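Pasting the structures in now, so scroll down.
Consider the two complexes below, in which chain A is the common component and chain B and chain C are the respective partners.
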Partner chain A sequence: MSKNAIIVGLVIFVVAALFPFWFNLGRSDTVAPKPELSEQAKAAKKCVLEKYDMRANHMSLLDEWRDSVVRDADRMYEAANGEKFQMSLSTGDNSCIGCHTNKEKFCDKCHDYASVAPYCWECHTNPKEITQ
Partner chain B sequence: MKKSRRKFLKVAGISALGIGMTPAITTFASSESQGTGTVDAVKSKNAEVFSAKRWGMVIDTSKLTDAIAANITDACHKAHNVPDFNHEPDKEKFPKTSPVNHHQEVKWIWKEHFEHAFPDKEDEFLAEKFKELPFLVTCNHCKNAPCVQACPTQATFKREDGIVLMDFHRCIGCRFCMAACPFGARSFNFRDPRPFIEQTNSSFPTRTKGVVEKCNLCAERLAKGQQPYCAEASQGAIVVGDLENSESEIRQLLNEKYSIRRKQELGTEPSVYYLM
Partner chain C sequence: MNQKYMLPLIGVFLLFLLAYAGVEGANMQWAFGIIFPYLAVILFIGGFIYRVYGWASSAVPFRIPTTCGQQKSLPWIKQNCIDNPDTASGVFVRMVLEIFLFRSLFRNTKAGFARDETNRLSFSWEIFLWVGALAFHYSFLVVLLRHLRFFLTPVPACVRFLEYLDGIIQIGLPGIFLSGIVLIAAVLFLLARRIFDGKVSYISLASDYFPLFLIIGIAATGISMRYFTKVDIVSVKEFIMSLVTFHPSIPEGVGGLFYAHLFMVSVLFAYLPISKLMHIGGIFLSPTRNMANNTRAKRHINPWNYNVKTHTYEEYENHFRDKMIEAGLPVDKKE
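And now, the complex of A and B:
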């Protein structure tokens, strides 16, 4: 008698505990969004680092760039693929935003999905994108 | 039994030694490889960069007029996205902006009267002309900068070439530097500066609420081999150059004419000279 009650209780517990998994199972919006590349970025083909490295480590790269530019007055970055880049997030055509022109379709897509809100944009951005 | 204990102690002793050695060996090995680290290898200095041992500025007071001074301030402030609190914010873009306090100011380079710029040199019968001359004041990029010593996060620091620079990312807004600076060269962003920038220059970042800002001697322009905005707009009244190089233009100017510095008695060794 109590054996059945325990099994039923266990099943209810397991189902409840796994709620986030089965709830999101059939939904399409849980798939990670793909950032859209701008025309310039598509044409350039090469970024600063290799795609997967960039995806995982762009924040550390930016951190390193910032220290280099501000502290050591060193603004030129020679990438492993031989390309040279101006170490800048938002200033000029040779900066990150200069090539990835659409912040909403490129940066924000993943940042929103991953629920991170970097405060880069409080200072670095194009005025046309300010929406507040 | 006796023999095996002896053996055990031997092995234990050797392994303890080995474990003790590993951290020493690994730090030694890593310090060796640091010299050829990737960071050093991939970065190269810009070829066209302007460099100096110690950057300084000479302001020729005889060449400065009110109109030129206004142009200089304007050129600097526009290029560096310095907010102007007399500017009415755009209601559509910034609907939530609260009313402005027009007394609030953020400034990098501005006009000052002689007696305010040089309070120690205000003599009773000072030549009348000094009372009307515009004196442009800005960050003095002091050799012994008190703001650098006051900053608890090293957001303000002295660069190798003498520029007192700020890392805005790192500023926590404690304003110790503002209290330490005897020249009032620093301004605090009490509110989001963006609504008060008439035309944002996208080639320079804005600041955010809660950080201090000041003149950076156009470090971003020197890096491109260009003269600072103030020197460019000054029609020859401002010259920026290397103070440590006896051949440089500013050293020659200092040789030719009598010059003064602001609050020299404090011992901060300002790098901005005023030709009289």
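And now, the complex of A and C:
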């Protein structure tokens, strides 16, 4: 191959490999959004697990809840901090959405940032959307 | 036991421990999170340019017609335009197929003795290297592209679509990504092939095993963080974004496993230009694949040829024409 063709290919490669750097050049709006706690959550003060555990692990908790309800018909969850929860994604005050009432300002803020699109809402509903 | 794979295995394990212990024990997040990743990018880009530039500066050899099809010949003999191209477009098709489908591996054969009393040596088609290599390279590509979600905000629709396709079987939460499973399975298969196939094992060196173990380490820590030990993804993304916008800041609460993953990735990138992994760039320059077989149609002048004084038949005839005609010898041009 001719030297010039190789150099052109090399330049394309370097530009592509450094894509994240030049694409984000000079940006300062890349910090993570802060999920907003609703009034209910503020009053409750505590989540199901410790805050850090919740941040990293809430999908596994939801998986556990789902299996417990759907497979064992057991809807009661006793958290490590002694609180009791009626296991549910969005039904009742004790559910995720029951306490974190504003899904857009809470769950979705993180999920949009991290590019996760939980498929749960194809079947489960966000009560707020129904009353609107 | 064989030191050719024990040494790289221990090496990768030490690299893992170094980063894990450095962060958990000595709080060296700044080293494993900031210094080494930046250094790795510099070494990767610099080393890559250096290697490819070196290749670009060396002389292009005479076209090597090691081909797998009929060369262009008489009009009634059918040419194989892709396997034995004489035009640039044919070469282009051959290169595209080589790069995306690994056709050279597809032709892989294995030698073996017949198991009956004839004990004859015979060659048979061996497709599993090709299958394993395709699975490995494509799943690695998908994993790499999927990681763009940590490097871009907002995440572009094409990356989201890739994630959607990759997670399409929706098992468990967080949902399983197929590419991760295929990657680890394929790389373990390629490793097993090196270890258990006597003939491959004989020609395998430490530098063949090291990248395999490193990639296994990277995949294992990544899978562990996603499905088992868990890590705060939002903080991790914030950290990566701080690196690519050149405002590095260490996140809180992200443990040693993440830094071990990052460190092994940094080592892989820094090591790439000085290793066999340079076939990323090298495949484009494969002399037996990227040159048209037109040696009979075009004169190729060897760039390092000594300047030999020639005397062609035409010149010879010009010189002796009169004498040749006089002696009754046939000539091409009769003045």
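Rule of thumb we're sticking to: the second predicted complex is superposed on the first by the 102 of 132 C-alpha atoms of A that agree within 3 Å, B and C clash if a C-alpha of one lies under 4 Å from a C-alpha of the other, contacts with A are read in each partner's own complex, and residues count from 1 in each chain.
Basically, contacts are C-beta pairs under 8 Å (C-beta built on N, C-alpha and C of every residue); 3 or more make two chains touch, one makes a residue touch a chain.
What you are looking at is a predicted structure, and each value in this text was computed from that prediction instead of being measured.
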Applying the touch criterion given at the start, work out whether A:Glu39 contacts chain B, chain C, both or neither, answering first, second, both or neither.
neither
For A:Asn57, is the partner it touches chain B (first), chain C (second), both, or none of the two (neither)?
second
Name the chain, either chain B or chain C, that contacts more residues of chain A.
C
Once the shared chain is lined up, is A:Tyr119 touching chain B (first), chain C (second), both, or neither of them?
both
Of the two partner chains, chain B (first) and chain C (second), which one does A:Glu83 touch, if any: first, second, both, or neither?
neither
Looking at the overlay, what does A:Cys110 touch: chain B (first), chain C (second), both, or neither?
second
Which superposed partner A:Val70 touches (first chain B, second chain C, both, neither):
first
Return the residues of chain A at which the contacts from chain B and from chain C coincide.
66, 119
Under the stated contact criterion, what part of chain C meets chain A in this complex?
41, 44-45, 48-49, 52-53, 55-57, 60, 148-149, 151-155, 159-160, 163-164, 170, 172-174, 230-235, 237-238, 241-242, 244-245, 247, 253, 281, 284-285, 290-291
Quick check on the complex: what are the chain A residues that touch chain C?
1-3, 6-7, 9-10, 13-14, 17-18, 20-21, 23-28, 30-32, 52, 55-57, 59-60, 62-63, 66, 110, 112-117, 119
Touching chain B in the complex, chain A uses residues 64, 66, 68, 70-71, 73-80, 90-92, 119, 122-124, 126-127, 130, 132
Can you check the complex and tell me which residues of chain B touch chain A?
39, 42-46, 49, 93-94, 96, 157, 159-161, 165, 167-169, 194, 200, 202-208, 219-220, 223
